[in-house]
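Below, chain A partners chain B and then partners chain C, in two separate complexes.
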Partner chain A sequence: MKAFFSRLFQFSAIYTCFLSLLWLAKYGMGLSDYLIPSPVEFLNTIQEDGLDYVAYSLNTLSVAVLGHIISILLAGSISILGSLKSTIGTVTRVAAYNLQAYPIVAVSPIIFIFLGDGLASRLLIAAMICYFPLLLSLLGIFSQPVEDVEHFFVETGKIHHRLKLTIRLFENLKKLLTVLTGSATLAMVGTIVAEFLAATAGIGHAIKIALYQDNLARILLALLLIGICSSVYLAAIEILGEVVSRNLQKD
Partner chain B sequence: MYIKCQDLTYSYFSNSPPIFQGIGFNISEPGFYALFGLSGVGKSTLARLLTKRSPVSSGVITGKIETDLKSILYAHDSERLPEWIPIKKHLYEVTPLQNHGLLNELIESYGLRDVMAKRFSSLSMGQKNRVNLIRYLLQNWDMLITDEVLANVDEPTRYTILYSIKRLFPNRILLYISHNAIEVVRFSKRIFILPQMPAGATHLFEMPGLNQYLQPPDEKQVQLSLYELLRTASCGVKMEDRRTI
Partner chain C sequence: MRIISLIFCIFCIIVSFSGCTSDEKTARPKVEVQPVVLRLKWLVNVSAAGEIWALKHHIFEANGLHVELKEGGLEHNAIKDLELGRAQFGVASADQVIRAVEKGADIVVLAQIFQKNPLKWAYDASKLHIQGPQDLKGLTVGITYGGNDEAVFRALMAKYGLSKEDIRLYAVRQDYTPFWNGEAQLWPVYSNVEGLVLAQKMQEHGKRLSFFDPDAFGVHLVANSLITSRRIYEAQPELVQNFTKALLQGWSQVIEPQNELEAAQAVHEFDNSLDIKLIRQQLAATRELVTTDTLPIGTIDKAAWKESEEIMLQQGLISKPVGIEGVLKDSLR
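Entry: the complex of A and B
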């Protein structure tokens, strides 16, 4: 729970600083309410649109979580293939390293053309955006021998691929957790980008509409909710990782 | 039962000077042997060259190694056990069924009974060394090369362990690598010395050890052997009573 409150506190501090600077600039330079909304207008927007925006944010969060899970499964499977010493492993590794250089956002219009502006497109883009960093990290983890632990099994002929992967995964648990947390942020980013580009639901879509209406108060509200959702999700992953790690190492 | 190395040369890279060159040795009967040398002379590299499963990862090797030994294992002191299971479970999993009785005996005599339920990371350095050694001893090996595997174990326990190895495995070859010169002199049947030379060792010297088992050797003899061992290892000067292979 410490991680949860710590993340929320960090975000609140940054968001408060950002709002303060914005209002400092507004009143310092005498900018109009049209350009930067006043605190009162911002509070009114929270009152009026708050519930709708919370629903949009939760919608985005659920797609991001699902996309993240899909990308973890996919990256896990591909990196297990890539860790093989055979030709399949080599081809997988080369393909993974080369493909990741291509920006996924550039492909997203094609995804919208083929899959439409519904859930499938948002899910796919979210999964693809966090998939490659995950894949590269997992490939690195699975390909790097942990000599100190593996030596005995190699010497005695007891080593097999599954044991090798288990050792490497366990020895890199902390690193893996950091990668998972980082990719969770990317999943949120991917979902919002997809919604912003062409989808018809989610907080990204709401931001797009607010942008067309030049309504900065709504955008600020969306940013607040995105930050809270991201913090909650990242903290949940950290807590889950800590619980798993503690249970595995319990005497 | 033999292992014979001839004219062995090793360099880390093709254009770098060799760590050792043209060295050789011959072991043709079971017993407790030692490989001694100062830090960085290439003891571990030489030991790894002898194993088939975890050879040195790179470098240029020339020479010949002949053996009729089916299983040569190499254990070193930096090894760790998997952390996801308790030590006891791991030891029982990796020990062949017919050796489970011996496993219980070694756990008792090496003073490890109280730590069996723990994870490897929560052990002291000495306990880690002992646990690691036990799992190797219980495998089916013909030759076991132990590289500083008792480095962090206290002296009385180390002596107990060395006695037990001699008692339990009289028909196998143990090559003991250690920086503890007194121990090497006392317990070894024969000592191979890789000397420190400016351009890498060109000889592997050999001297008899005192093969201590039930009776401790004469202390004067220990001192003399110790002097000879350290002198040979540090300057690589050939002495009259030493044979070059």
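Entry: the complex of A and C
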């Protein structure tokens, strides 16, 4: 629970500073409510659109969680394939790096042609955006030998590829959990990008509408909710990671 | 030795000529030009043909202005730039102006560039026959949620008693795939720009494009208009007059049929993604939007602005009337 409150407190502090600076600039420079909404307008927006926006954010969060799980599976599979020293491994590594080199806005029309603008596209784009840091870390972990431990199995002739991967995964568990937590933020960002490009649901879609309507108050509300959702999700992963690592160490 | 003398002679000639030019330059009276930034509503294309023409033919300079054209977009809004002092003039549509005025933006409208709104809905005329709004029943129509096309289409639906059960609305995105696939039978386009690009592509595929025009059925939402801040309007009337005059002169000349080829070439220099032939077609279509039979170019259609305000009120896009008449300043008349 401490992790939840700590994350939420950190976000609240940053968001409050951001809003204060924004309003300081607004009143200092004498800018209209059109450019930067007043605190009263912001509060009115929370009152009028708050519930809808909470629903949009939860929708986005649920897709982000699913997308994150897919990206972990994707990165895990590709990095296991990529850790092989055969041609398959080399081809997989090259394909994985190349795929990431293309900006998602350029690839998205192809995704939308085949998958439409529903849930599947949002999931795939979210997974594509957050899988690369995971992939890099996993490739690093899987291809870096843990000499102290592996040496024993090499000498006894019991070493095989699966055992090597298990040793490396276990020895780098903390590093892996940090990367997983970091990529969770990207999963949220990826889902919002997908919704912004083409979707009829989620907070990204709501942000696009607010942008068309020059409604910064709604965008500020969206940022608040995105921050809360991200903080909660990150805290959840951290807690889960701690539980898993504690159980593994017990065993 | 002879070569050295020859080089020396050439050097002397160059120096003496450059000296003459320099003297001539200093002798010529310096014309003071005022730097001005114009933020467009969208990308530089045929909808900014008048601005491009005025720039190319030094009409702005003749009026003592050095104008820099800047592209607009979702994040580059002319009204915001005016308030932040990053631009002196801008192009915006009625929905943008009305929304901004409601929230306290102090801006004025100087001229209305488009007398008719180019926003129309494209459809395949080889499959559909749409005579009026009632023919839209049972069809799927693309709209940009939050965009001005949503306001226009919902106003049309309200005016002709069409409900959600009659028409299925489809969320528009940047590519035309849903339109090509037939998922949406009507797709919003700017008829003078992407409408004609789409028409060309459809023709190549044996289809025939036609437009459904809400304007023809009494739904008027004013499009591209010239705006400035009230601060500039009041403090620098001469600048405002000169700029408006130069811009409208640019538009008057660019839509002349005899200037079409030259105008297309000028637009092509800014947007070379389209061929000159297509830009000429776009210019012809733009001519229909800019001119009327009776009114001079740039005339502000006050009734249409009031109707735009009413549409936005009905659609809940503004919470109260903004008194749009107070913002309309026909600075040249």
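Please note the rule applied: the second predicted complex is superposed on the first by the 248 of 251 C-alpha atoms of A that agree within 3 Å, B and C clash if a C-alpha of one lies under 4 Å from a C-alpha of the other, contacts with A are read in each partner's own complex, and residues count from 1 in each chain.
Following the convention adopted for this analysis, contacts are C-beta pairs under 8 Å (C-beta built on N, C-alpha and C of every residue); 3 or more make two chains touch, one makes a residue touch a chain.
Being a predicted model, the structure only gives us computed values, none of them experimental.
Chemist: Which term applies to chain B and chain C once both are placed on chain A by superposition, clash or fit?
Modeler: Superposition result for chain B and chain C: fit.
Chemist: Kindly classify A:109 by the partners it touches after superposition: chain B alone (first), chain C alone (second), both, or neither?
Modeler: It touches chain C, and chain B stays clear.
Chemist: Thinking of the overlay built on chain A, is A:205 touched by chain B (first), by chain C (second), by both, or by neither?
Modeler: Once the two structures are laid over each other on A, A:205 reaches chain C alone.
Chemist: Quick one: classify A:31 as touching chain B (first), chain C (second), both or neither.
Modeler: After superposition on chain A, A:31 lies in contact with chain C alone.
Chemist: Under the stated touch criterion, which partner chain does A:214 make contact with: chain B (first), chain C (second), both, or neither?
Modeler: In the superposition, A:214 contacts chain C only.
Chemist: Which partner does A:249 reach: the first (chain B), the second (chain C), both, or neither?
Modeler: In the superposed model, A:249 contacts chain B only, not chain C.
Chemist: After lining up the shared chain so the two structures overlap, which partner does A:197 touch, if you call chain B first and chain C second: first, second, both or neither?
Modeler: In the superposed model, A:197 contacts chain C only, not chain B.
Chemist: On the A-aligned overlay, A:170 touches which partner chain: chain B = first, chain C = second, or both, or neither?
Modeler: Touch partner of A:170: chain B, not chain C.
Chemist: Comparing chain C with chain B, which touches more residues belonging to chain A?
Modeler: The partner with more contacted residues on chain A is C.
Chemist: After the superposition on chain A, what is the angle at the C-alpha centre of chain A formed with the C-alpha centres of chain B and chain C, rounded to the nearest 10 degrees?
Modeler: 140
Chemist: Determine the nearest approach in Å between the Cα atoms of chain B and those of chain C after overlaying the two structures.
Modeler: Nearest C-alpha atoms of the two chains are 51 Å apart.
Chemist: Is there a shared patch on chain A that both chain B and chain C touch, and which residues make it up?
Modeler: none
Chemist: Hey, which residues of chain A end up touching chain C in the complex?
Modeler: 31-35, 37, 41, 109, 112-113, 117, 197-200, 205, 208-214
Chemist: Quick one: in the complex, what on chain B touches chain A?
Modeler: Chain B reaches chain A through residues 51, 53-54, 73-76, 78-84, 86, 94, 117-119, 121-122, 132, 135-136, 139.
Chemist: Under the stated contact criterion, what part of chain A meets chain B in this complex?
Modeler: Interface residues on chain A, with respect to chain B: 148-149, 151-152, 154-158, 166-167, 170-171, 248-249, 251.
Chemist: Applying the document's contact rule, which stretches of chain C touch chain A when the two form their complex?
Modeler: It is residues 74-75, 77, 79-80, 83-84, 96, 99-100, 102-106, 144-147, 171, 173-175, 177-178, 317 of chain C that touch chain A.
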